[in-house]
Structures are given as C-alpha cells and as structure tokens.
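Note that the chains are named A, B, C and D in the order they appear, and that numbering of residues resets to 1 at the start of each chain.
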Amino acid sequence: MSESETVEITGHLMDQGILSRVLDDIREYGGDYTIDRFDVGRETDDASHAVITVTTEDEEGLQRLLMRLQTRGVNMVDPGEAEVAAATMDGVFPDGFYSSTNLDTRVRIDGRWLNVGNPEMDCGLVLERNEHGAPHRVFTLPMSDVRAGMQVVCGASGVQVSIPRPAKAAGTFGFMESEVSSEKPQAVLVRQVAEGMREAKAAGKRVLWVGGPGVVHTGAAPAMVAMVNAGYVDVLFAGNALATHDIEAALYGTSLGIDLAMGSGVEHGHEHHIRALNTIRKEGSIAKAVENGVLTGGIMHALVTHDKEFVLVGSVRDDGPLPDVYTDVLEGQRAMRSHLTDVGFCLMVATMLHSVATGNILPASIPLVCVDINPATVTKLADRGSSQARGIVTDVGLFLEQLAVELVPDYRRA
Amino acid sequence: MSESETVEITGHLMDQGILSRVLDDIREYGGDYTIDRFDVGRETDDASHAVITVTTEDEEGLQRLLMRLQTRGVNMVDPGEAEVAAATMDGVFPDGFYSSTNLDTRVRIDGRWLNVGNPEMDCGLVLERNEHGAPHRVFTLPMSDVRAGMQVVCGASGVQVSIPRPAKAAGTFGFMESEVSSEKPQAVLVRQVAEGMREAKAAGKRVLWVGGPGVVHTGAAPAMVAMVNAGYVDVLFAGNALATHDIEAALYGTSLGIDLAMGSGVEHGHEHHIRALNTIRKEGSIAKAVENGVLTGGIMHALVTHDKEFVLVGSVRDDGPLPDVYTDVLEGQRAMRSHLTDVGFCLMVATMLHSVATGNILPASIPLVCVDINPATVTKLADRGSSQARGIVTDVGLFLEQLAVELVPDYRRA
Amino acid sequence: MSESETVEITGHLMDQGILSRVLDDIREYGGDYTIDRFDVGRETDDASHAVITVTTEDEEGLQRLLMRLQTRGVNMVDPGEAEVAAATMDGVFPDGFYSSTNLDTRVRIDGRWLNVGNPEMDCGLVLERNEHGAPHRVFTLPMSDVRAGMQVVCGASGVQVSIPRPAKAAGTFGFMESEVSSEKPQAVLVRQVAEGMREAKAAGKRVLWVGGPGVVHTGAAPAMVAMVNAGYVDVLFAGNALATHDIEAALYGTSLGIDLAMGSGVEHGHEHHIRALNTIRKEGSIAKAVENGVLTGGIMHALVTHDKEFVLVGSVRDDGPLPDVYTDVLEGQRAMRSHLTDVGFCLMVATMLHSVATGNILPASIPLVCVDINPATVTKLADRGSSQARGIVTDVGLFLEQLAVELVPDYRRA
Amino acid sequence: MSESETVEITGHLMDQGILSRVLDDIREYGGDYTIDRFDVGRETDDASHAVITVTTEDEEGLQRLLMRLQTRGVNMVDPGEAEVAAATMDGVFPDGFYSSTNLDTRVRIDGRWLNVGNPEMDCGLVLERNEHGAPHRVFTLPMSDVRAGMQVVCGASGVQVSIPRPAKAAGTFGFMESEVSSEKPQAVLVRQVAEGMREAKAAGKRVLWVGGPGVVHTGAAPAMVAMVNAGYVDVLFAGNALATHDIEAALYGTSLGIDLAMGSGVEHGHEHHIRALNTIRKEGSIAKAVENGVLTGGIMHALVTHDKEFVLVGSVRDDGPLPDVYTDVLEGQRAMRSHLTDVGFCLMVATMLHSVATGNILPASIPLVCVDINPATVTKLADRGSSQARGIVTDVGLFLEQLAVELVPDYRRA
C-alpha cells in the first residue's frame, strides 16, 4: 500500500452510525485506515469531528475510494483543485470521471469554489466556462447526456460535499430512525407526514408525489383527489398504470365502481383497461379528454383541472400506453428532472420502480417519505443511496385515507 | 380397486370451486371416481347437486377418503348407522376413529339422528348413552381428553355434515371471495367488518377477538379500548405478549408513551417488559392489579373494568408470564373452548399463533375475519381448514383506528 | 336485460376451477346466466362440456362480456362472421374493437376460418386481404402500432379461441396446481423445470429466460453461465440492471468478487456501477466489448460468445444505460416480440417488471415457470392473465445452482 | 437531573455501531450524557474505549438505565458491590431486581467477583452462599422459578458484563454483517454454516438445531436425516408440528410421499395428521414407536436411533400432541435450558416461535444462524436481543439440501 490521503467528516457521527459505514467502505474497497483524531461531541447535541488517513494500493483505487467516501459526506482535508478532462465521445465520460453524490456539492476550479446547482447521484460534474475562459458554473449531467468536448471533473480532488443537518435538529420532521418496520404507531406517522407537507407549503415549496397503481386499487383515489383539490399535490410522477387505472375507474364508473366497492380485484385481461387506453388515445391527451368532457373524475382529472404537473414515464410492461406517457425512459428522466424545481417534500406511495427512479435524481436535502405495504420497497430505496428516505410499511389505502383526514378539513369518507 | 361408495353434495358447487377440491382430494387419496349425476343450478342463484361414486383399493382407504370428503361437505347417499368402539387407553382414540370436521354434523345411532353440539375439527365424536342405554348425545372431544372406556365413532358410516350457506346468500357479510390481497379498497372492508359485528350483537351474539402484540405496537390500543368500552369486544383470546405489552405501556406511560408517539420500536431486552411482568405477578392477577389501582389503563384494564372475558395462553417464547396466563397449552385450549358459547363473529388481528389455534376450535358456521399485514397468516388459516376465513391484508394500526371510527360514535383520535 | 347469447366451453372445467371463474366474470359484468346443459366427464380423465346462455342489459355490454369470456376459452355456439372496421387514426383502434386473448385464436371472415399466427393478449386483430380482396391473414397488433386504414376486428362475432390442453395430460410438465407456496419440496421442482427445458430442446424448440439482477446478487451467475454454455439459454429478456451488474462483476472481479464471496451486498452509489456502464458505452456495445477483450466473463459474455440472443429493455430507474438497451419501451416490446419465434419453454427468474412484460406478449401455449423469493411476483403474473404460469417461491441463487447441477453434467460449484 | 454515574465500554465500537445504540438508549430512557473520553483504535484492528457520564432524573431511573446499558456491554467504571435482597413471594422478584443480559457476566459480592455460570437474558441473578455464609455462586433464574427467601441481586451495582469478541476477529465464522437480505450469494453462506458446524464439532462442542415444520414441507427431511446420521445434529428443539409432520410422512409414506414428490401441499384437516398422532400416543412415546418397529424412518427416527436429544415444546395451536411434547411451556423452557450444555453452534430453520424462544435462553457467546424464507423471522430475533444472530433469507429446502452436500461426503439426492 502506498497511496494515502487524509480525510475528515463532521456531524452526529455516532448517533447516525455514519462512522461505522465509512470504515466499512474503506475495508470494502480494500483500503486501510488510521484514525488521526476523533473529537466526539461531549454533550448530547454536539457534533463530532473525525480525521482519518486512508491508504490504498494504488492511486486509482484511492481516487475511487475517495469518491465512495464522499457519498457519506467525507471530504479531503486538503481538497486541492478539481481536475477536468474533455469527453471524447457523446454519451461517454472521460476515464476517471468523478461520480457525483446527491449531497450539496461544491467544486474548486482556478482557486474558486463553485456550488453545484442540482445535486444528483451517479452523474458527472460538467464545468462551463464563460466567454473569458473563467469558470462559470458546474452542474450534474447524466452519462447519456454528455457530449464530446464537454469538460468533466475527474478524480476526487477539489470536490467537497456536505451532509444535510440531521432531521431531528432541523425541525419536527424527524419521525423515524433508520429502521423500516410495520410495527409503528401509524396514526402518529400519518400526522408527521401531514406536518411535513404543511411545512413545505408554508415555506413556499412544492410537494412531489410518486405513485403506483396501488393508490387506485386500494380505493384511495377519492382521498388523493381531495388532497389535489386542497393543494397538497403539486407534481405527480407515475407510470402508465396509475393513470390508466384511475381513468378506467372514472370512465367505467358503474361497473368498476361496484368492483372497487365490493373489494374484488380486477386486474388485467379485462377489456376495460385496454378500452380506456384507446379512448384517451383517441382524444389525443388526458388534458384534451378532460376538456372534451370525456374524462370527468379521478386523480388525473383533478390534476388537469387544478393545473398541476404530472410526468408519466412508461415501462416495458405497459399496454397502450396513454398518449401522455414518455415511452423513451431517458426522455422521461429528463422530464422528471425538469419538474424538481422548488420541491420541498416528496411522498412515494406504492411503487418500487418510480420511487427508485425518483430517488436516483432527488437531492439528499429534500425530505422523502416512502409508504408501501412491502418492506422491500423501502429497503431498496435506502440501499440505493437515498439515505434520507424514511419508510412507512403500511396499507396505502388506509394511509391516504387518514392523510386526507389530517390535511383536508372537510374531508369525509364517501 | 374394489371398494366403492356413492356420495353426494349440494350447494353452490361451482361458484365456490368446491367440486374441484373434492376431485383433487379423491386423486390425492389414490382413489378414482365416476360422476353419476350432476344437476347444475340453471339460474344464477340455484344450488347444484352432484352424485359421485368413489372407488379405492381397500376398505380402510375408502373410510379415510370418505372422512376427508366430509370436510368438504360431501356425505354418503346411504349413510347407514354409525359404528362405535370403546377407547382402550386414556388420550388415545380407537383405530379407525372418525376425525371430525368443523361443519354442522349429525350422527345416526340406533336409527336416530343426533346433532353434534360443538363442531370442532380434528376431534373424535364421543357417544353418551343414558341410564337406559339409549343414545343421549354425541360431542366432539380432542384426542388428549379421551378416557378409556369412552364410546368413539369409527369410520364414516352414519355421519352427515352440512356446509354453511354461502355468506353472500346469508346476508351482507360476504365481502370477499377466496382471495387474499393487499390491494382491496380498505375503507369498504372496514365498514363490512363493522357491519358484521353489529349484526352479531343485534342477534344477541358475542364478538370474539383474537389478538397479537402488534395491536399495541401499532398504536391501536386506544382504538381497541374504545371498542371494549362500546361493547364490541366480548371475549379476547391472546398470549402473554399482547397483555404484557399493553400493561407495560400502561405502567410506564411516560417513557414508553414517548416511544410509541415517536414511532421508535422498543422490543425485548428492555427491562420495562420484565419489570411489568414482575409487578403484575406481585399483585396476583391482572384483575387484582386493576382493583388495587396498580393498573389504570390499557386494553386489559378496559376488559377487567367492563367484566369482559379473556383467555391468555402461553407459549414457549414467553417471559414471566403474567399470572393469568395458562402455561399448559392443553388447559389453555380447554379454556378457549369453554368461552366459545354464543360467539357470533370472530375478528383475528395480528397473530398467526392464536389465530390458527382459534381456527382449530371454531365451528365453520361462525363468520371469521383475519387482519394481518402479513399475507401468510391469512393463507395459513385457510390452509388449515378454516375455509370460512376472510382475510384482509392491511396495517393493523390503521385498520383498528378506522374500525373504532365506524363503531364508536364519539371516537376521536387523541 | 334483453341481449343474450349462447356460449359453450369444453375442457377439464372442474379440475381447474374454470367454470367458477366464468360464472364470476358474468356476475362481474353485471350479466346473468342459465346453464342449458352441462355434460360432466364421468371418468377421471374425461373432459366436460357446458352450454350457457348469458344475458346482459344491452348489446355493448354483451359484446364486452363475450370478449371477456373468451379469455377463459368460452366461445359462442354460433360464432357467426367477424365484423371488421377500419382504424381512423394512427395508434387508435375503432370503437368496439375485439381485445385479444393469448389463446390459440381463429377468426371467420367471408365464411372462412383464419388462424391468428401470433396470439397475444390485449391487442387488436388486424385483417389483411390479398390483391383480390380475399381474406389473407389475421394477426395481433398492439394498439400503438395500428395505423389509420387498417381493418380491425370488432365485437366477439366470428372469433373462436381454444384453451391449451391441461399440462398434466400433455406430459410430465404439470408439476404444480394453481397455488403459489414457499412450502414445496424444492428439489422436485428443480428437476421438473430441468425436464421441461430438456423436452423443449428435444422438440427443437428454444428456451427463453427472463431475468432480474437478483440472478447476479444471489451469486448464481456462474450457474447461469454454465447453462448458457450447455445450450439451455437461447434468448434472454432482461433490463439494464441484470446486464450491468453482471458486467460490473466481470470487470471489477477482484473487489466485487470478494464482496460476492463474503456475502455483503453492494448496491447503488458505488462508482463501480456507473464506471462499468461508462466502459461499455465507450466500446459501443456489449458484443464489441467482448470482441475487444474488455469483457471476458459473466453471463452477457457467455451469451455473446455462444451467439445467443438477448433483448435488454430500459426502465425509468436505469443509470447509463448500456448501449444495447432499448430506451424506448415500445421499441423494446417490438424487439421482444420478434424473438419469440420457436420458443418452447420460458423461465422467469427474479424480476417482476420483465416477467409481467413477457407474460403480456407470450402465447398461453408456451409453458411458463416463474421463480422468485417474493410470492407477489408470481401472483401478479397469474392475475394479469398468464394463467399457464407456474410459480416457485424459492431462493433464486440456490435454485439456479441446483438447476445447473441437473442440466450440466460436469457442473461443479467453484 | 441529579443522579449520574460514569460508565465505560471497550470494543470495536464504531465498526459495529454499538456506540450509536448506547447513545440512543440513554435518550430513550430520558437521560443525558457527556462523553468524558473516547480513545478510538488508531489502526483498523484496534479496539476503542469510551468513558461516558450518564445523568438521569432520579436514582431509580439511573439504575434502570444502567441495567439497560449493560445489555450493550457497558459497565460502571466503579462497579462497587452488588446489592442483594430476598424474594418475598414465590415467582416474584424483589423490586429493583437486576434484569440479566445474555452476555458473560460477573458479580462482586463481599469483595469477590463470581462468574455467572449460565448467562440468559431477562432473568434474575440469584446468590447462593455456602454453609459458612460465604458467597458460593451466582446463577440466572427465570422469574417463574424464583422462590421466597432466595437472594436476588438488585440494581446494577457490582455487576459487570463483557461483550463477545467480534466474530470476524474470532475466526472464519463472521460471514455476515448486520443486514438481513435475500440477495446474498447463497452458496457461500451454505459453506460458511457448514464451516461453523465443523469448527464447533472440532472443538468438542455440540450443534443445536431449532426447526419448524417447513423442514418437512420443503422436502428437506432426507437431507436432515443425512446430517443426523453424520453427527451434525446433537440436539433438536422443535414443536409438535415438525415431529408430527415428519412422523406422518414416515408412516403414510406412499400417499404422502407422492404428495411431497408432486409438490402439492397437504396441511391440516387431513386425517393423516391426526391419525399419526394417535398412533404414536398409543405407543407411549416416539422412542417406543421406534423400538416397536412402528416408526421406521424420518428425522425423529434418526434422532432416536443415534441417541440424539430432542426437546419438543407444545403450543396452543397443537393437535394431539405427541406424547413427548411438553404441554406446559415453562416446563418446556426448563427442559430446553437443561440441554444447552456444551452447545457450540446453533442453527435455526423455518420457525419464528422456537427460534425466539431459543434466542431468549441462549448465551450471546454461542454463534447463531437463522435461516428462513421470511425476513421478519430473522429481524424479530435480532430485535429481541439476540444480537449475535446472523440471518439468511433463503429457501429452507434448498438450503438444507446444499448443507447436506457440504457436510455429508456421500450425500446424494434420492
């Protein structure tokens, strides 16, 4: 082993088990460490500060370990200057490119620190210079969007990240520790999510929902409609399925209404589904179907009526799909990114695919709650790097019902 | 193959897939069949009637197949007379004993049909004669309770069962088909369970609850207390855990109250738990702890205060246990049996062990709903013969919260 | 109610519970029925035959119910002639279009029956006439691919379907009834899947695999490579994740190899992942990476080396993606369809998304086994119309390990 | 706040996240802390040492917090002398009794340290003096077994615990970090469990198995029999179900054998089950049934034949039960405790109830692996204080099959 670097981290290291994970990472990358200094907060609320020298076999391994450690909020003591190389092919980063985190990030170029405007994990950092050649801005860019000639940050030098303050300190929205469990007092959790949404709105931020078709299947569409009407749904990310099932329920109200009311599930193979798709395709878009009086109820109708945004991104299992659906997933991702502005709270309900997709592009600073009856969805989300994710394993239908009761004063179950 | 018998069954055979299961059973037991006659209900609501000749290799196999088929409601066309043999040892049935079903059953002895008072599956049928030697009554008895000399029905001759009318026909409480799913409109299901309880009470019947500690962990104790107070909990079957966690929460209100309110789970290893047990053991019983003012809140307190019944049966994982707990499981089963009188509705919540135990002793005629976040609990219950079980896969905390809202007019969340 | 039609169905109606489901469908669609005739197979192996008159309120409801019933294999006694209408817009079927099933289907046009070559559910049936105006062929077409002017079958008249013979009768591959369970003797199931693959190969058919990244995570890549080498993987449908994780493991062998060997999961946020993607993107394709000696091991390498086919379709959560990935899901679906030729067996492993997507386009006549540790995946597949699906709830890693032992004579664990 | 105490802990505090949990405990108990000193291991393998002053509102709260912290391995810097009080009632500890941990423990009495022979969590520590009044020994005793007059340790003074060395340092058996996951390379895990068993045997220790009926249902009985024969099963803890299903399969070999081989599950309601119970009850015990040639195969037969020990403890859902079953759960717990001598490895398979029960009485120093297809079982075990538990979420049938291949040289699947 010959390459080493001294790094540091500050925060509630032990409360949150961060230091354990940092040391795990070092071992996992085949590195070694010496803890040079560890100032632990003496009192309950003090932050700790650790200085660690990490050693690896070669320089490449060191750079990769340093990038890995940055996902935990660990920075080099002496960050130096960022190195930049030009991409030589479209859609391909230069070798040794810096793989970004979703933490607040700044990059030192020509002796100046530039903040990265849109932190997103697993992207490259692209440097733009102004007409005088001075560093102008650094932004994250997904691999598929890079173009030959762009200047891309390489290695970990000159990059610094900062971890968000722990939720507890930051306000009331710190309801759950790291664990995912189905045995929590659910009524309290509902209230805390409601509080989180209210705080976001009070701060002038927007609330992002990510939903799966389970929202409709569990009978929660009326609750969600009430929350759209009350202004608690600013943006919806979903797939073809949520929108289609919602529209299906709205179009074939009587029959499907009975099914929903009687609790007998109706899935695929029913021509309701395919016929609903055909109907909206004929109109040209969901908005036009609303305008033309074809679609008169449900979640999608409420969103259109209140001028709320939605991004529907397709998947390989889709029928139809609805005309509003992005069938190209990269275009879908771009559309999702463009709707993240001013989002201050994110609620994910009953979808693993779109939750992970949203987790991939969401900055770590945005509070994120994931509700699913399947614990695996929440675990998956946290595993993939959305460490701020808080999970609630519960029934989606009852959860949204109660959330509507909390948020919408005159909401009554039909 | 040389032994055969002609059997018949009447009911909504196809709606409920019963006939498929009957034919599966015949094959599973290595038998063969000929369908002699099959009168299918012509109209939607008509019952069907099938006559089938089953054939097996030998007499013993035939008797066993006939007993098996009776669990489906299949009777011999010519039932004949019951055969009876004396038990020769305590706790052991005679060879070839009739293994009972949980269906309404009658037995023909000396040319007379006697109704079996307490249908329970997997028991023996014991015949009592009066002082004149005339058949007096037939009752189910579990294997461990049989005593040498008792007269036990052997083989399937002379035994007839009848399947309950399908729930749909019987009234409003037929909310779910055979499937277990987490994607059902939950609010409707809550309402249907409330309706089932109200119907039972209106008919002068009692409501039996079977609960696990999840009731307390999910924060639903206040909801359950409200339902005890409102008269919707007549009997509770549970283990040491539900009662101890409930008492723990009541005794160490402040600290554990915070835990519950903050959503951080507190399980074992905490001395709260073991200290709560010691406290109640010192009082001698839960009732005395209430009387002495030691226990002043929670589910167990509510039951004692309202003179409701509870049966707590221990398990091998118990600490303590509470002084009220039956540590002998056979005594526990006997206590449970003795509390089934007049039960007209059974709700099982968040416990696989006690749900299956209750399913084992409950007549098929009592409506049964099982609520659990884990689909396996419901499936297990149905697999083990409680075919009347209706399953709801949902969050127990939110479910009980909403059930209390349905049942208790002035119930408001704290 | 005034519209009615007489329909019939032949098969092992009671063994498989088909008739129950047919009657459920009729009720669900608000219809009514009279069973005119029901000839039940007298002996164990005889097929049954039912004639049923169904009645609905109006003609549109009747047509839709008839289409629904066809998904169960129910045909009109008097099918009549197919009605055809021209599509007036691209991507939109005419109103009242016939929504196809995945059963073998034939259509009567101008008094002639034409077989539908590629049965697929939820498509339209498009009629092509030859230069003389005579009916030439009828084929399924997904909604998004229809073009204005195409002749599309409308209503259920003139369409007949036939259900596949039950697997039991057809050969040894009938291992599981309808139930999904984790409590089955797994060794037997492994052997039956091996047998199904061998039969397909012996019949000159191809074996289709559908896989998720769990194949790599559970350490089963070597087993799968051995089966590719032995000729038991002709086509692979997957997403970006399986291929990327496989390539990641191959490229960063040492480090990730240790992780895999030590059992510590490595998910997202690791720059391995994103770096592996960049490396292959630089090469231009997986095949070129193999050709250039960059990729030298793993599943994708084995497929390329043996000239096997793979279709990778992207999803909204993808990073990268690999250059071979279809980012447009409709194009991905088309590519999958074009690789179904001569497929005689399909094994789905550890992926809900791609399993459902494949189930959507697979004819019902192709044996289909779905292996997942999550029972919901299998249930979902069956719910969505792939009624031929057999589910095995087991550990994917151990399952593939044992399958390789069964299929590859000299396979030994490393 | 006025009561405080200085405590210390030594070990790999950060690697294992112990310190985070200690601080969580302090907060949870409403206490406060100051970290007086924290010497972190400088090199990768060095242990850390922390000295913390904890403060609570009152003395009782302090004592309880100190006991709680001992479950993490935290001791008082100045432990002082143990305080002892006499129990005044049978089955009830004195107020303020010390609630034990499952860690190696010693107690200072009259200036001497006495080791506690049988560490078990949630018990009292009972002091025995010799005829001269000198402290003779201290042992754990469950609450229900305490008798009036016994001397019981109260408060945390004079008690010291030590955490086991981390498995990694201790040898090869450290395969898994804290996480429970179904996505691990399973073949490696099988090998590590085999290695753990071989090490235990090589060290002259015994291997304890804890099993549920899933062992039989998944077809793994032959594999387990092979491992009994090969000497890798010294003791079995189970319930009535495992033994009965095993015996059922052995007695009704042909028919049930077919069921197992065909993969169709047979659960309850079948008279096989109840008849098998009656047969063994008639013999008087499983051993006599083997002796008399009634029981000639299966797991229980193998255990009897090889003079291996088993403890079957009943539960409220049992039928029968078998004559060997402890129907009193406290007697069952005592029997289990008495069979823990010299156990050096514990494997838990497919049972939540008996796994938790065994976890309750097992010292923390015994390596413990829990295998289940349900992640909740493993999580539950760890939650309840068995922090040494390693979990493998996998298919039990395939796991045991492969374990037999690893452990038994000539094991071949039938």
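Here are some notes:
As a working rule, contacts are C-beta pairs under 8 Å (C-beta built on N, C-alpha and C of every residue); 3 or more make two chains touch, one makes a residue touch a chain.
On a predicted model such as this, the values are computed, not experimentally measured, just so you know.
Note: the chain lying farthest from chain B is A, by mean C-alpha position.
Looking at A-B and B-C side by side, the one with more C-beta contacts is A-B.
Each chain gets a centre from the mean of its Cα atoms; for chain B and chain C, those two points are 40 Å apart. Averaging Cα coordinates per chain places chain A and chain B 45 Å apart. Among the residues of chain D, those in touch with two or more other chains are 177, 264-265.
Of all residues in chain D, only 14-17, 19-20, 23-24, 27, 32-36, 38, 40-44, 177, 375 touch chain A in the complex they form. Residues 28-30, 64, 67-68, 71, 89, 91-93, 95, 97, 99, 101, 121-122, 142-144, 239, 254-255, 258-259, 264-271, 273-275, 277-278, 281-282, 313-321, 323, 327-330, 332-333, 336, 353-354, 356-357, 360, 374, 376, 383-385 of chain D are the ones touching chain B in the complex. Chain A makes touch with chain B in their complex at residues 175-177, 179, 181-190, 192, 214, 217-219, 260-265, 373, 393-395, 397-399, 401-402, 413.
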